[in-house]
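The following block contains the structure, expressed as structure tokens.
So that you can tell them apart, the chains are marked A, B, C and D in the order they are listed, and the count of residues begins at 1 in each.
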Amino acid sequence: MSEASAHAAHHTAPTGFIRKYVFSLDHKIIGLQYYALGLVAVVTGMVLSWIMRIHLVWPNSPIPLVQWLSKVGAPGGVVTPEYYLSLMTMHGTLMVFFVLTNAPFAAFGNYFLPIQIGAEDMAFPRFNMMSFWTTFVAFCILISAFFVGDGPPLAGWTAYAPLSAVGKDSGPGEGLGQTLWGLSIFVFCIASLLGSLNFIATTLDLRTKGMTLARMPICTWAWFITSCISLLAFAVLLPACLLLVLDRVGGTSFFIPSGLNVSDHLQPHQGGSPLLWQHLFWFFGHPEVYIAIVPAMGIVSHILINNMRKPLLSHKVIVYCMMAIGFLSYMVWGHHMFLSGMNPFSALVFSFPTLMITIPATIMTLIWLGSLYGSNLRINAASLFCLGFISMFVAGGVSGFFLAQPTIDIYLHATYFVVGHFHMVMGVAAIFGVFAGTYFWFPKMTGRMMNETLGRWHFWLSFIGTYAIFMPFHYLGLAGNVRRYSAFTDDFLVPLVPVHKFITYAALFTGAAQLIFLFNLIYSRFKGPAATANPWECTSLEWSTPSSPPPFDNFGGVHPVVYHDPYQYGVKSSTGDYLMQTSPERAGETP
Amino acid sequence: MRASKPCIALLMATLCPALMFGGTISGKVTYTGTPAKQKAIDMSKEPSCAKQHATPVMTEGVVTGPNNALANVVVYISAGADDANAPAQAVTFTQKGCQYGPHVLAMHTGQELDVLNEDQTSHNIHPLAKVNREWNKSQPPGTPPIKDKWDQPEVIEVKCNIHPWMHGWFVVLKTNHYSITGENGGFSLPNLPPGKYTITAWHEPDGKQTQEVTISGNETKSVDFSFVLKPY
Amino acid sequence: MATTLQPPPVQLDEKDLRPHDGNGGGGIRGLVPEGGGLRAVADPKGEPTRTGIWVALAAIAMSFAALTSALYVREGSATDWHHIVLPPILWFNTLALIASSITLELARHRVAVFMRGQESDRSRPTLWLNLTMLLGLVFVAGQYLAWLKLRSQGLYLPTNPNSSFFYVFTGVHAVHVLGGLGGLTRVMVKFRSSGRPLRRSTLDATSYYWHFMGMLWMYLLFILWVKL
Amino acid sequence: MRGNMGGKIFAVLVIVIALASAVPIVTHTWFGSNISLAPPEDISTHGSEIDKQLDETMLEAGLSFLAAQLVLGVFVWQFGGRKDGVLKNFPGGAKYLVVAALLLVGAEAVALGALGTKAWGSVYFQPASADALQVQAQAGQFAFYFRYAGPDGKFGGIHPEKIDEGNSNFFGLDPENDIPARDDITSGELVIPVNKEIHLMMHAKDVGHSFYVRELRIQQDFVPGLDLSVHFTATKVGKYEIVCTQLCGLGHYNMKAYLNVMSQDDFDKWLKAQSQ
């Protein structure tokens, strides 16, 4: 409701540092802020995973510097079982909420969605600013859990009740730490809702002349579909968190049943339903997976098309597939709960749409592969990460086929097979999308090119590394290796430790390889060669802005008029083998 | 036995500066009725501990000796004794073979407590304090002892969350005059200046008895306690 | 439409149609660009504010749907479902809320007349807006009294699932109503000020939201009445 | 030229990785070492169904994985770094690909779904037979305890407030007032007779836990406030591990017990010994 004043406020660009870079209404700055936040979160999450990996294979040996993280949690640098779980919980929460939801969706979406539809800003710039700073507050609340009394929560990012609901009796970190977690996610939900609202209104109402829905680039579509998914998903997680926090601090019993004796403390609650939390959480939780992956699909398609110099076999099919996936994602949450005591018949009911999701996913993969055929594929850091994404998406996708079947889930549920599956398909694949986007859009965002050689090395090492980490997870799962263990003391797990050692080395190696990226990012930002207006010879609107980075109102006062579908490649035109969306020429006509 | 030795040593240490002569209260704690029978503890979940015990360890809720002697009873002066400061020397609470040594540990308020883990597995120490601050920490093998102290007198139940059968008691007292009975049920509170004392005997989980004793000069008064035990 | 108040009446002219009217894309006008496909015309555009409010309402509806399903599941697992008597004042509150919707509609009509310039007096619209505000406040106050009533019966948030759900439902709804009152205040401020004129879309959005709160309340009341 | 090389490198890399990934799946070992990565031998009556389906899925998923990576590699090898070549479209364009995906994956999904139902049903749809041996399992932070009804064949009631783990009253029995509870047999090991159906009644003491025995192909959550049950028949004498697979707190990694499958005689002897 604030767009009137907001627009009044941003007819002219702000000059003061605060208004310009901190509390900025400019979607581009906000996009960069999201990107920076995601970067901080991903580095933190990665360091946590290193500590976990090292602890897993050398459970009783001190890890350098870790004792400074927590004196109680890691006395003398030896990580205690509860602190391992705390690290795991924080790793999951940071990565899922503050990286996978922020980076591909909020960061790139904020920066490029308005430009790609020819708008001068988001529909509600004030909400946009609010949603970033709300996210930032959520981040601070979460991180503060590291510094409170008995440390961060240990209930995992899924925070299953009653473990997460009964309070400090259920273990260290389940006191204030868990409450802060609930609070943080509650705030994060509000931020995401504001963001999604903004994305939807912007896409529907601020498209420029001639920018019909059908003419929107695939990544614009992806962000739009994602915002629809996240609108409904977070709208469910929000009240769920409210109820959880009430159970913790308000003494209610939504999720806590009667007669629990938690470490000799008889719990006063009665009648609650632990499954209720699981239903509410996974109703959000499964769509969340697609909130992470769909934007990556869009970004990858966009960049791949540009580098293939020809459009995909079908633009529409990809968009419909993303819609189908988004739609189905609301009917499958129960496949996380096959063994959690719901009615066994419903397991089959949930299993079927889950298997059905493989259909749109397969179609998309086939279209990507088929489009590669007969293309003039340019090989560069961006396109390599796109190809890597496809490879990862396939690898993670087929393993989903196992877990979709309740029968096999009996054996594989809660093993490392699951960990491998979602890290590949939702973690690494989405992150590859972000890398691709970074290499592709960096010139537009900063006006400088990233170093290509470093970019390629970053890809080779990351690609090999991620396979080396996450493929073995599947094997461990097949051997029945249970997840979320802070050490392997069971007779049948001890022999598997060498595999874990290998994974740990791979993780350290791959993590180190990311330093190349960080260096490249910072170095190129200041020392990179100046970028030309349209270095990739790309057709979409973000490359027709007068400057890089674009001026405050994106198009320098004029509003672009769109004449073409987004991907006019492989045509003859005055510009070469492509035609900008804003070019009034007709494809094929030589001027 | 285990329990009382360090305590007496400690009494000597702390009372040396005080008057070396004085009265002594000693006696025996017995029971009537049928004690609950000790059950064998099943440690199969923790092989590294199970293999340390040739014969299965028994539960220590009620430990009795010949002719109805009752062990693990803390006898202490609850009123009349000077409320001396906490001894400088720390009391230690050891986890070995997935068992607490001692099962009942008495200490002075503010006295330092060292918790040691001598096992090859992680332990978790969770004193379910109500008056004092409850805490819950794990102790991986080979990590430094956990140090703590209790400010308020309280009987605190101690458990290990990782090994549910591990169970012990901290008896935090305002006095240094205490003694813990062994399997012979005997106790002795030496070096008492003349005066009127209230003596309390505590047995887990919540059995308490008190008696009044007056000490005049260098005598030894004998006091006996008897607890009624039920099979269940 | 970016119809503004100062000076009434306003004629829509080409200037207002330029993309800079805070309304984003010129695509709204659906002008067929040279060589552009015909779809450019077909493609509907609206006010971001109106779209935004519908999206927001969808999200709010979803949240309450979630809470409702929670209520059903919880009842299913409940061993402790004690029915509570709804405080009678709720019925009065309901009337107040319905009345506020009506007055708001009248206000909207008046403002429209005013904007068309058929009326230069600002007092009648203001009157209806004030009345709406008042009724809204009455509703919130009434809800507060209802809580006091429950407390007096010894029914607190944790007492039993029914009281928990009652407080959660009414509480969350009340927060949203307060938000609506905030919106109304904003409308009134703008209506008075000449610097930042009131936009029709803002008023419309606020009133959609307000009516939705009314309907939502009746829905909640029904659920509470049936379930608790 | 460099671009071209990049394409070739990627092509080789992706194919090598794909093939290497398949090795442990096929050989069930960790690259020649003696670490077994296969599911252990199945000792349950229903498990063979699960294994069968696991194998079939592995075949289909594995082949589609290899095929996709192979095609990706080949196309990138062929077209990566190609400049100003004549653009071609994949024969048939999107239509055939979509149809193919619909038919193949659809059929696969339906087939597996249908096949799966059988095994799933054998575990969850049929109730335990009347003569199955009833054992109660309790999961608590952080150990499993098992309870047998004892000579009187009746289980004593559970009173959470009476739980006293220090004195081995893990279930919160009240032998003082509750006669059936007096002869109940509590064990930290799940001891069962071979080839006899077991009806395991699952009770959670505090938070969520899970019962997982790889060899039995059984996994089921303990849900607080919701007493579930599973039934199974072990077909092989031996000692197997029961582990918790639902995050339950700091001791989760150490929450385990042993499943001890005995001949009927040994079991009866054990039971007698316990009730002394």
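Going forward, a residue touches a chain if its C-beta (ideal position, glycine included) is under 8 Å from a C-beta of that chain, and two chains touch if they have at least 3 such contacts.
In this text, all values refer to a predicted model and were calculated from it rather than measured experimentally.
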item: Dominant chain pairing [most C-beta pairs in contact]; value: A-D
item: Distance between the centres, which are taken as Cα means, of subunit D and subunit B, whole angstrom; value: 46
item: Centroid spacing, where centroids are CA-atom means, of subunit B and subunit C in whole angstrom; value: 67
item: Separation of subunit A from subunit B, taking each centre as the mean of its C-alpha atoms, in whole Å; value: 55
item: Between subunit C and subunit A, distance of the C-alpha-averaged centres to the nearest whole Å; value: 33
item: Multi-partner residues of subunit B (at least 2 other chains); value: 121-122, 124, 138, 157, 159, 161-162
item: Residue numbers of subunit D (touch at least two other chains); value: 140-141, 165, 225-226, 249-251, 254, 256
item: Per-residue overlap in subunit A, given as positions that touch at least 2 other chains; value: 80-82, 171-172, 257-258, 263-264, 271-273, 275, 487, 489
item: Overall pattern in which the protein chains touch one another (line/ring/star/complete/other); value: other
item: Of all residues in subunit A, those that touch subunit B in their complex; value: 59-60, 72, 75-76, 78-82, 150, 168, 171-172, 263-265, 487, 489
item: Subunit B - residues contacting subunit D, complex; value: 36, 39, 41-46, 59-61, 121-122, 124, 138, 157, 159, 161-167, 230, 232
item: Touch list for subunit A against partner subunit D, complex; value: 80-82, 85, 154-156, 160, 162-163, 166, 170-172, 174, 256-264, 266, 271-275, 309-310, 313-314, 317, 339-341, 344-345, 347-348, 351-352, 355-356, 358-359, 362-363, 365-367, 369-380, 384, 387, 390-391, 394-395, 398-399, 401-402, 405-408, 410-411, 413-415, 456, 460, 463-464, 467, 471-472, 475-476, 478-480, 482-492, 495-496, 498-499, 570
item: Of subunit B, residues touching subunit A in the complex; value: 121-122, 124, 126, 128, 134-144, 146, 157, 159, 161-162
item: Contacting residues of subunit C [partner subunit A, same complex]; value: 19-20, 22-29, 31, 33-37, 39-40, 42-43, 45-49, 51-53, 55-56, 58-60, 62-64, 66-67, 69-70, 73-74, 76-81, 157-158, 161, 164, 168, 172, 183, 186, 190, 196, 199, 202, 205-206
